[in-house]
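Notes follow the structure.
We call the chains A, B, C and D, going by the order they appear; numbering starts again at 1 in every chain.
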Amino acid sequence: MSDSKRITLQQAAEVVKNGSSLTFSGFTIWRRPFALVFELIRQQRRNLHLIEVNGGPHTEFLVGAGCVDIWESCWVGHELYGKYGANLSRKVANREIIVEDYSHAEMMFRFAAAAQGAAYAVTQTSLGTDIHNPEYDMLGRAGLRDGKRIAKHKYLFADDPFYGAGSQVLIPAPKVDIAVMCVQQVGEEGTVRVNGQYYSDPEAARTADITIVMAEEIVPEEYLRRNADINTIPSFEVDYILECPFGAHPTGMFGRYDVDGAFLKDFYARTRTQEGFDDFAKAWIHGLDHISYLEKLGWPRMLGLKANTALNYSPRATKGGK
Amino acid sequence: MSDSKRITLQQAAEVVKNGSSLTFSGFTIWRRPFALVFELIRQQRRNLHLIEVNGGPHTEFLVGAGCVDIWESCWVGHELYGKYGANLSRKVANREIIVEDYSHAEMMFRFAAAAQGAAYAVTQTSLGTDIHNPEYDMLGRAGLRDGKRIAKHKYLFADDPFYGAGSQVLIPAPKVDIAVMCVQQVGEEGTVRVNGQYYSDPEAARTADITIVMAEEIVPEEYLRRNADINTIPSFEVDYILECPFGAHPTGMFGRYDVDGAFLKDFYARTRTQEGFDDFAKAWIHGLDHISYLEKLGWPRMLGLKANTALNYSPRATKGGK
Amino acid sequence: MSDYAKAEEFGLADLLCCAASREVADNEIVFAGTGLPMVAIMLAQKTHAPNLKLIFEAGTLDGRPPEIPTSVGDARCEMGASRSSGLSDAFSIAQRGYVDLGYLGGAEVDVYGNVNTTCIGEYLNPELRLTGSGGNPDINSFAKRTVFIMVHEKRRFVENVSYITSPGWRVKKWPGGELVHRRELYGAAYRGGPSAVISTAGVFRFDDQSGRMFLDTCHPGKTAEEIREMCQFDLDISRVKGETEVPTREELRIIHEVLDPHEIFIPKIKQG
Amino acid sequence: MSDYAKAEEFGLADLLCCAASREVADNEIVFAGTGLPMVAIMLAQKTHAPNLKLIFEAGTLDGRPPEIPTSVGDARCEMGASRSSGLSDAFSIAQRGYVDLGYLGGAEVDVYGNVNTTCIGEYLNPELRLTGSGGNPDINSFAKRTVFIMVHEKRRFVENVSYITSPGWRVKKWPGGELVHRRELYGAAYRGGPSAVISTAGVFRFDDQSGRMFLDTCHPGKTAEEIREMCQFDLDISRVKGETEVPTREELRIIHEVLDPHEIFIPKIKQG
C-alpha cells in the first residue's frame, strides 16, 4: 500500500543522531534491541539522552561505550546475571554521566501520560523518599531544564483539590525523539504483534516522535490484520521497520529464545573497568555485523537458547544459577 | 479454587442498592448488560447515579423507569435507530434528573485516571466550550459536591508548569460503586475475555469497587488461562459472575449477535411520553424474567440476529436503514 | 477527465458525501464518526486516498471495513484493522496529535464554526435536550482540521450557538466566557480547527484572521444570495469560487454498490 | 503436627524463604519481585495459600508458574495467568489499591524500615551506585503491607539510610526533609507500610506508635543480644517471642524439587 518503511540496520542506527533522546522496548533483560544498540556503538553515537521505564544490559553497553550523557530512569542491572550496572556505576563515580532517578511507577506513568498526549501524570507513589529530594534534581543542577525537551521541574507537589486525598506528585511526560522496539513480528505497513507480556512497549512507541521496529520477522500485513485484537502497536505509529532475527540477543524474547545468561554474566564480570569494557567491545561489537556476530555465537549456543514453542521458553537454557 | 463467585440475575440486581453509583460495559448500542438493567427496573431500584463514558439504550430504559437521579456522561441515543435519548430529554425538561455533561474524551480519561488509582486526569480537550461553563456545573448547583463520592469541583484549570503548554483541564476520577459488565466469556474465577473492541471495559471494571460480570457463557477458568494475553479483565477485579445468554439484547455483541435495530426503533418511537414508556415496560419488562423475555422475542428474530462466526456480525440482520 | 454524473443521477446526500470525501488527502490519519462521515471517508479510501488511516472512536485503528459499519462500535469496524482495542487508545492517539482530519456533524453551527449537539434553547431550561457532546469536542480539539457535515436550515446557522459543544475559531474563555481566538486557549495543544462546513446548501470555509465563516462553493441549483438568506448571520459571499464539484459516476457506484448497498445512510436516487 | 526439618537439613536461604512465605494469608493479592521473594510466594501458593493472587511487575496478573521464573519478565510468569499485559496494568492495579502484600529486598534498611537500593554513601558523591529504585518504592507505597528480605550485616542495618529509596514508617517531608510519620504524607493513599523485615539473622517488626523496628524472632543459633550487636541502631529486643519457625520437610521438598530444582535462587544443602 504505502511507501516501504523498510530500512537496514545501519540506516536505522543513522536515524538516531548525536544528542537524540531515546527509549526502548522490553523489560530489564527481555526484548532489548541489541543489534541496533551494537550498531550505535559501532557508529560511535554520542551525547544520547536515554529515557527508560527501566534499564538493562543494553543501557550498560551504551553507557560503557560512552554514547550516553544522560540516563533518566529507575533501574539498571542484569537481574540474576549481574547485580547492578557496573558501567553506569563507574561513570557515575567519575561524574561522566548525569543520572536522573525516578521510581519505576513514576517512569511508567510518565510514559503513559506522554502516550496519552498529556503534559504530566498525577500519582501518590514514593512520597517521603529521596527520589523527591530537591537537592537531587540532577538535570536541574546541570542547568538543563529548559522547559522544551526537558521539563522545567523534575516533579511538583500539589494537594488533591477534588477529594482532599492529600499530596499528589505531578511528574512530567517525557519528550522522546526515538523509540527502538524489538519484537516478534511486524507487518509490512508497520503493525506490531508482541507475544507475551508487552511491558511498556505500547506507551514507548506512542510517546516517541519516531518509532523504529526491529522484528524477528516481517510478515504480510494482511496476516496480522486478520486478528486485529491481538496486535500491539498500530501501523501509523511505526516509521521504520527491519527484519533482524535474534536481534535481542543476549536478552530474551518470549516464544523465540531465552536470555543468554552466560553472555550477560561474562559481560558483567569483565566490564567493571573501562579497559574491560573496551576489550569486550572489541571482541563482540567492533569489526562485526549482525550476521558475523551470530556466527561468532555459533549454532550450539543459539539452539540451546531457542524456545520450545509449547512452553514459550527454553527448558534447555542454563539459567546461570548461583 | 476460591469460593464461587456465581450468583443469579436477581441476586446481581440486589447488589445494586438505591443510591448506588453505577457504570456499564459496552459502547452506545453494543454489549450493554440489558438483562440486569431489566431486573433493576423490575426491582424498582431508585436514586441511581449513572457515571458512564457514554450512554445508550440501557440508560434510556433506566431513566424512563425512574431509577436514575443523576446521569454523568456525554452522550445518549440509539445511533441510527433513534436520534437522541427521548426519555432523558423528557426528564431534563421536567427537571426530574440531574445531567452533568462532560466530553467523551474527558469521561474516558476520568475513568482511566480512576482505574490507575489517580485522583484526577490532565487533558487539553474541549477548552473554550460550554462544557466548562461554570454556570453549568449541575452537581454543584444541586449542592451535591461533598468531596467524598462526588468531587468538590466539576473540573479545574491549571497552567502546565512543566513545558508551558498552556491551560490544562483537571478532571476528577469518578467514584463508582458498581460496574456491570456484559461480555462473551467469563471463567469460574472471574477472568474475562472480551472479543472485539473492548471499549472502556477494562477501566470500568478497575474503577468500580464491585464488579459484576454477566457473560454469554461461563467457561472453565483453565481454558482462558491457556492464553493469558488475550484476556481482558483479571480474575481478582471481578466479584460476581453469572451466565446469561443473549443478555445484551437489544444491543449487540461482537461475534455473537447483532444489534436488534427494529426493537430499538420501536422503543424510540413509543417512549417519547412517560405513558409510552410505561406501556413498553409493561409489555417487555414487568412480569417477565430473562427466559420468558427470550421466548417472547422468539426464535426467528434471534436467529436472524445471530452473528456469522467468520464475520463476527450477522449478514442477515436488517439494519433498520433509512 | 472525470465522468461527472448528471443532476438527476445523484441526491443531496451523494453530493455531501463526495464533497466531504474530497477534503482528505492520501496518507492522512482520519477520525470519523457514525453515519455520513463514515461513508465519505470510506469513499475517499476507495478512490483518491487509498492509504488514509481510519480511526473509529470505539477503538479500531486503521481499519478497512469492506462495507459500511452501522456504528463505530460495530464488528465491521474491526475488519482489516491494524489494531482493535478501546476508547482509551483512540482518544490517546488523538490527543497525542496523530489525527490530521476529523469528520463531524452538528445540530447548530455558528459563524465561528462553534457547533452545538447538546440542547436546543437555554442549557438550564432547554426546549430540547439532544444527545450531548459525544466525541465531537474532542476530535475537534485534537485534530489538525475538522470538517462538519450538516443539514442546512436557517435555524441551524446562527450568529452564536446557544451552547458551544465543540470549539470553533472563536471560543469562550472561562470563567468570564468572553470570545477569544482558540489559539489563545489551546497553547501547545493548538493544532488547527474547523476547515470546512459542508451543508446541504454549500461548502463553507473560515477566514484565517477573523475566524468567520465564508461561502466557498454553492451546491448545484443554489445561488450565493439564496444561501446567505439561509443563515442568521451575515454570511460573506464575496469569495465564492463557483459550484460544488458534483459526484462522478464511479463515486456513485462505490457509494451505492460497495459501501452502502442497503441504503443505511444514503438513499438511492430512483430515476425515471 | 508439622514435620519440621532438623538444623542440618536446611540453609539460611531456606529459612528466609519459609519465614517470608508465612507472612501471606490465603486469598491475598501479592506483588513479588525477582529472586527469593518469588520463591517465597510461590511456596505459599503451593502450601497454605493456594488462592493467593500473584502479580508480577512486568505485567502478569494472577499467574501460576509451574517452576520459578528467572525474572519477572520471563515467559514462565505468564503460565496459568489470568491476564498477561504490561507495566501500566501492574502499577495501575497496585495504585488502585488491590495489593495486600509486597515482597521486596534492599541493600540497607534503617530503624524506621526505610530501604536504600540506590547508592552506598552520599548520593551526590557515591561510593557505589546500585541498581536504583526499580519498583521498590512503588510497591511499598501502594501495598497494605510489605515484607523485606535482606542479608544481615551491621553496615546494612543503620539508624538512617543515606538515601531513602523506599518509604518506611518515618519518611522525609519535602522540601525540608524532616522525618514525619508516613501517614502524614500519604493522605488517602495511606494503606500501611513495612510489616516485617526478614534478615539472615531474625525477623523484625515495627512499633505502631514510634515506627521503630523491634526484634520479633531470632533465627536458630542466634541470640537476641547477638542480633542487637548486628545493628547500628539501638534495636528493641524486649519483645522477642522466641525462635523463628523452621522449615518443614514438605516445604523443603517443594522449594528444591518443584520450585527451584536448578538452584537458581536457593542452593541445596549438601548433607553428610
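Here are some notes:
Quick note on the criterion: a contact is a pair of C-beta atoms (placed from the backbone, for glycine too) under 8 Å apart; a residue touches a chain by one contact, two chains touch by 3 or more.
Small disclaimer: the values here were computed from a predicted structure and weren't measured.
Two chain pairs, A-C and A-D, are compared here, and A-D has more C-beta pairs in contact (counted per touch definition above). Centre-to-centre spacing of chain A and chain B amounts to 38 Å, using the average Cα coordinate of each chain. Averaged C-alpha coordinates give centres for chain C and chain D that are 57 Å from one another.
Averaged C-alpha coordinates put the centre of chain A at 27 Å from the centre of chain D. For chain C, the set of residues touching two or more other chains reads 60, 78, 84-85, 88, 91, 94-95, 142, 188-189. Counting partner chains per residue, chain A has residues 109, 112, 116-119, 123-124, 160, 163-165, 196-197, 229 touching two or more of them.
Here, these are the chain pairs in contact: A-B, A-C, A-D, B-C, B-D.
Taken in their complex, chain C has these residues touching chain B: 34-35, 57-60, 70-78, 84-88, 91, 94-95, 118, 123-124, 126, 128-138, 141-142, 163-167, 171-175, 177, 180, 182, 185-190, 262-265, 267.
Residues 26-30, 53-55, 73-77, 79-80, 83-85, 88-89, 92-93, 99, 101-106, 108-109, 112, 123-136, 157, 160, 163-167, 196-203, 252, 254-255, 258-259, 261, 307, 311-313, 319-322 of chain A touch chain D in their complex.
Chain B meets chain D in the complex at residues 1-2, 114-119, 187, 189-191, 206, 222, 224-225, 228-229, 231-237.
The part of chain A that touches chain B in the complex is made up of residues 109, 112-113, 116-124, 147-148, 151-153, 156, 160-165, 168, 170, 172-173, 175, 195-197, 229-230.
Those residues of chain C whose C-beta lies close enough to touch chain A in the complex are 27, 29, 50-51, 53, 60-64, 78, 80-85, 88, 91-98, 142, 188-189.
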